[in-house]
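Next come the structures, one after another.
Below, chain A partners chain B and then partners chain C, in two separate complexes.
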Partner chain A sequence: MNWFEFLLRNRGEVLARSVEHIGLVAASMGIALLIGLPLGIALVRRDRAQRWVLSAANIVQTIPSLALFGFLIPVPWIGGVGASTAIVALALYALLPILRNTCTGIAGVDPAVIEAARGMGMTQRQLLWQVQLPLAAPVLLAGIRVATVISIGVATIAAAIGAGGLGVFIFRGVAMVNNQVILAGAIPAALLAVVVDLSLGAFQRSLAQK
Partner chain B sequence: MVELSSGLQDGYVLQIRGLTYRLPTGATLVSGLNLNVGRGETLVLLGRSGSGKTTTLKLINRLLEPTQGEILVSGRSTASWDPIRLRRGIGYVIQDSGLFPHWNVERNVALVPKLERWPAKRIRARVIEMLELVGLPPAEFAKRRPSELSGGQKQRVGVARALAADPPILLMDEPFGALDPVTRAELQREFRALATRLEKTIVFVTHDVREALLLGTRIALLDQGRLIGTYSPQEFLDASEPHVRAFAASLQSVEGLDQIQ
Partner chain C sequence: MTGRTRSGWLPAAVFLACLSAALLAAACGRRGSDTIVVGSKNFTEQIVLAELFAQQVEAHSALHVERRVNLGGTMICQQALVAGKIDLYPEYTGTALTAVLNDPPQNDPSAVYQRVQQEYRARFGVEVLPPLGFNNTFALVVRGDDAEKLHLHNISDIASVAPKWRAGFGYEFMERPDGYRGWVAAYGLRFASEPKILDLGLLYRALADRQVDIVAGNSTDGVIAALGMVVLQDDRHYFPPYEAVPLVRRATLDRHPEVRMALDPLAGKISEEEMRRMNYAVDGEHRDPADVVREFRTAKHF
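Take a look at the complex of A and B:
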């Protein structure tokens, strides 16, 4: 029996785990965007604060993912074993690319455009929504793309703390010393990452062309 | 816009009184400047790089705040204006055009009318009028992106955008500075005709003496943030002050070239 037959025979569980996996990634990306975008926007033109926040996000990024999951388990409210802890950890990982690209994207807008916008009487809010964000959109989206792909990969480790997802197959396969079981988790996860990367990439290019 | 043009007693649309601007580092960019600009007048701020011309312009529309002194627009101190309202009544044209690259020409020109929530029909009519005014046939140019325009066309759109809401005052920061000499001369000629016709109060920044003499009804010469003097174009050519001579000399050196050839 090769891994493909195994996958077909267990398609019910593979599908259920894939849905779980997507759920983990979607929830964590949602949280990361909700925090990262406004925070990134707030940090534009606040150089010192920006350095601090980006360094903090950088440090989070360097913590090995398995360790981060472990660290979060004893934390009250968000911790414990299960999906919610995993979602928090994944959101923390996704934060850096989103924050960094929000800051660099907005900072990269032509200063002449900003000066004209302000000089013609746009309010800060109008400047942000009508000028800075649309012009930063391709860079912003690049950050979201990187963050999502990382999340899909790291989310396989979430199974270690009982969060489910495609990692369940991988850990089970490792325990059973059975490559077919490992591949039943690894291949759908890889496919998922490739599909998301390609489609967000296409969207990004269409934005850049506009 | 109405607010800006009303309330004029002494005839000056723009009055600059004891204007000083100092950076937090202590460097003084503008020092004790006094200037009055009347309705329909084109005042050219002439000076070398770092003479405080652009800073003065930005102090007028409050992109910068004065350290000392004040600026009166329509007899009222800019400090008492809401900066957003003030700026929408002052057209602003800069060297790099600052057109929004993600908007087409029509949307760019419509910027201030749209911010002012004019009805769509009036905006469309106004955009067409403005594009015709600056010599860009609307049928051909309205839907173009700034990236599909030449440097000269961009500056035309920049002027159209600045004029769209019919502001009584226009600030222009070396608007033709980055253009090739032929296009520059063309735009200067057209702009001069436009300025005479529209009766706007214009403050025009340049370091080009020829441009100053061609476009200015009056020339204010700045040096290291201080006003050397204000002159009519003829007075400028006749003046004997060394600062003026230095500038006038740069003009003669070009004329001297004509004699050699």
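Take a look at the complex of A and C:
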């Protein structure tokens, strides 16, 4: 029996795990965006603070996920055993690319354009919403795209903390020394990453053309 | 054209020939008749046991001992032993029975030991020395304070509290034929919720932090002792025995009877608790296995 037959035979669970997986990625990306975008915008033109926050995000990126889960288990509310811990960890990992690209994107807007907008009498808020954010959008979206694809891969580790997702097959397969089971998790996760990357890429291009 | 090819090819061939001759000479030179090679698989307990065997042989004979530890798994150790690349290594009876002999699991420790001993002698020319005294199998672990408060000794003691408990198990325990499904059936257990399935490394942390109330680890995991946890006894003998035993080549024992004399005193002398402490000294306290074994041997007067 090859992995494809195994996949077909277990399509019910593969589908359920894929839905869990997408749920984990969506929830963590949502949180990362809610924190990352406003924080990134707030950090534009605050060079010192920006350096500190980005270094902190960098450090978080280097913590191995199992260690991060270990730290989070005793934390009340957000920690424990299950989906919440996994979502917090995934959101932390997604923060760096979102923050960095928000900062670079907005900083990269042509100063002449900003000068012109100021000359037209725009307030700071109008400047942000009508000039800086639209012009920075392709760079912002590139950050979100990278973060999402990474999240889809990293979310397989959620199975280590009882949060489900496609990683369940990978961990189960490793424990059983069974490659078919590993591939039943790894291949759908890879496909998911490719599909999401391509669709976000298409969206990004359509924004860039405007 | 042929000339060109040969001129490029010949020096390389000569070089390779010299190299392999040198390596062969080195290998043969090292492996004299008074050298024995101790092997082990690639995890802490195996490395500690191999070091123990090595120090015993060094202390009780004039033999030179070479340590070839960290070999990648049961199959590699087994093949190296049969091929004479190593002379002895530590193995577990249950692993020998199921992974090497491909027998179905059995529950009677002495039956498993005898079967493994007979088959290894007949098929591989390998002697299975008496068990060291501890069993490395799945262990059901609870917090020390719970064990004390609720008077828990055996797994069957938890039947009344299990419906209020949350369990945390690893993927291996959930999937293996000698794991979860048979276990709950053998003890008639029911838990408050479906078990949380966690990575083995996170289980003890979740238990310590009261996220779960019982976990399945390995009976010789060092952290059990370090975190003051308690292993429940398998009073219905559900788990197949995985007794640690030295496997030694017949030919080695014939040539050097002192190897058997050196290992004999270890029989039945290492408890699960002692093995746990040594594992923890290496894993948890990052100490050198050789020092840990030396202290253990002094304390036990081996």
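The rule is simple: the second predicted complex is superposed on the first by the 210 of 210 C-alpha atoms of A that agree within 3 Å, B and C clash if a C-alpha of one lies under 4 Å from a C-alpha of the other, contacts with A are read in each partner's own complex, and residues count from 1 in each chain.
Heads up, the rule we're going with is that a residue touches a chain if its C-beta (ideal position, glycine included) is under 8 Å from a C-beta of that chain, and two chains touch if they have at least 3 such contacts.
It should be emphasised that the depicted structure is a prediction, and the values quoted were computed from it without experimental measurement.
With the two structures aligned on chain A, chain B fits next to chain C without clashing.
In the superposition on chain A, A:Glu115 makes contact with chain B only, while chain C stays out of contact range. When both complexes are overlaid on chain A, the residue A:Phe69 reaches chain C alone and has no touch with chain B. Of the two partner chains placed by the overlay, neither chain B nor chain C lies in contact with A:Leu90. After overlaying the two complexes on the shared chain, residue contacts for A:Gly82 are found with chain C alone; chain B is out of touch.
When both complexes are overlaid on chain A, the residue A:Leu141 reaches neither chain B nor chain C.
In the superposed model, A:Ile98 lies in contact with neither chain B nor chain C.
In the superposed pair of complexes, A:Thr123 makes contact with chain B only, with no contact to chain C.
Residue contacts after overlaying the shared chain place A:Ala175 against chain C, while chain B stays out of touching range. In the superposed pair of complexes, A:Val131 makes contact with chain B only, with no contact to chain C.
For the superposed model, the angle subtended at the Cα centre of chain A by chain B and chain C works out to 150 degrees in steps of 10. Taking every C-alpha of chain B against every C-alpha of chain C after the fit on chain A, the minimum distance is 50 Å. Counting contacts by the rule stated earlier, no residue of chain A appears in both its interface with chain B and its interface with chain C. Those residues of chain A that touch chain C in the complex are listed here as 66, 69-70, 73-74, 80-82, 159-162, 168, 171-172, 174-176. Residues 58, 61, 63, 84-88, 91-92, 94-102, 111-112, 115, 158, 161-162, 171 of chain B are the ones touching chain A in the complex.
Looking at the complex, you find that chain A touches chain B at residues 110, 112-123, 126, 130-131, 134-135, 210. Chain C meets chain A in the complex at residues 168, 170-172, 174-176, 196-199, 201-202, 205-206, 209, 211-212.
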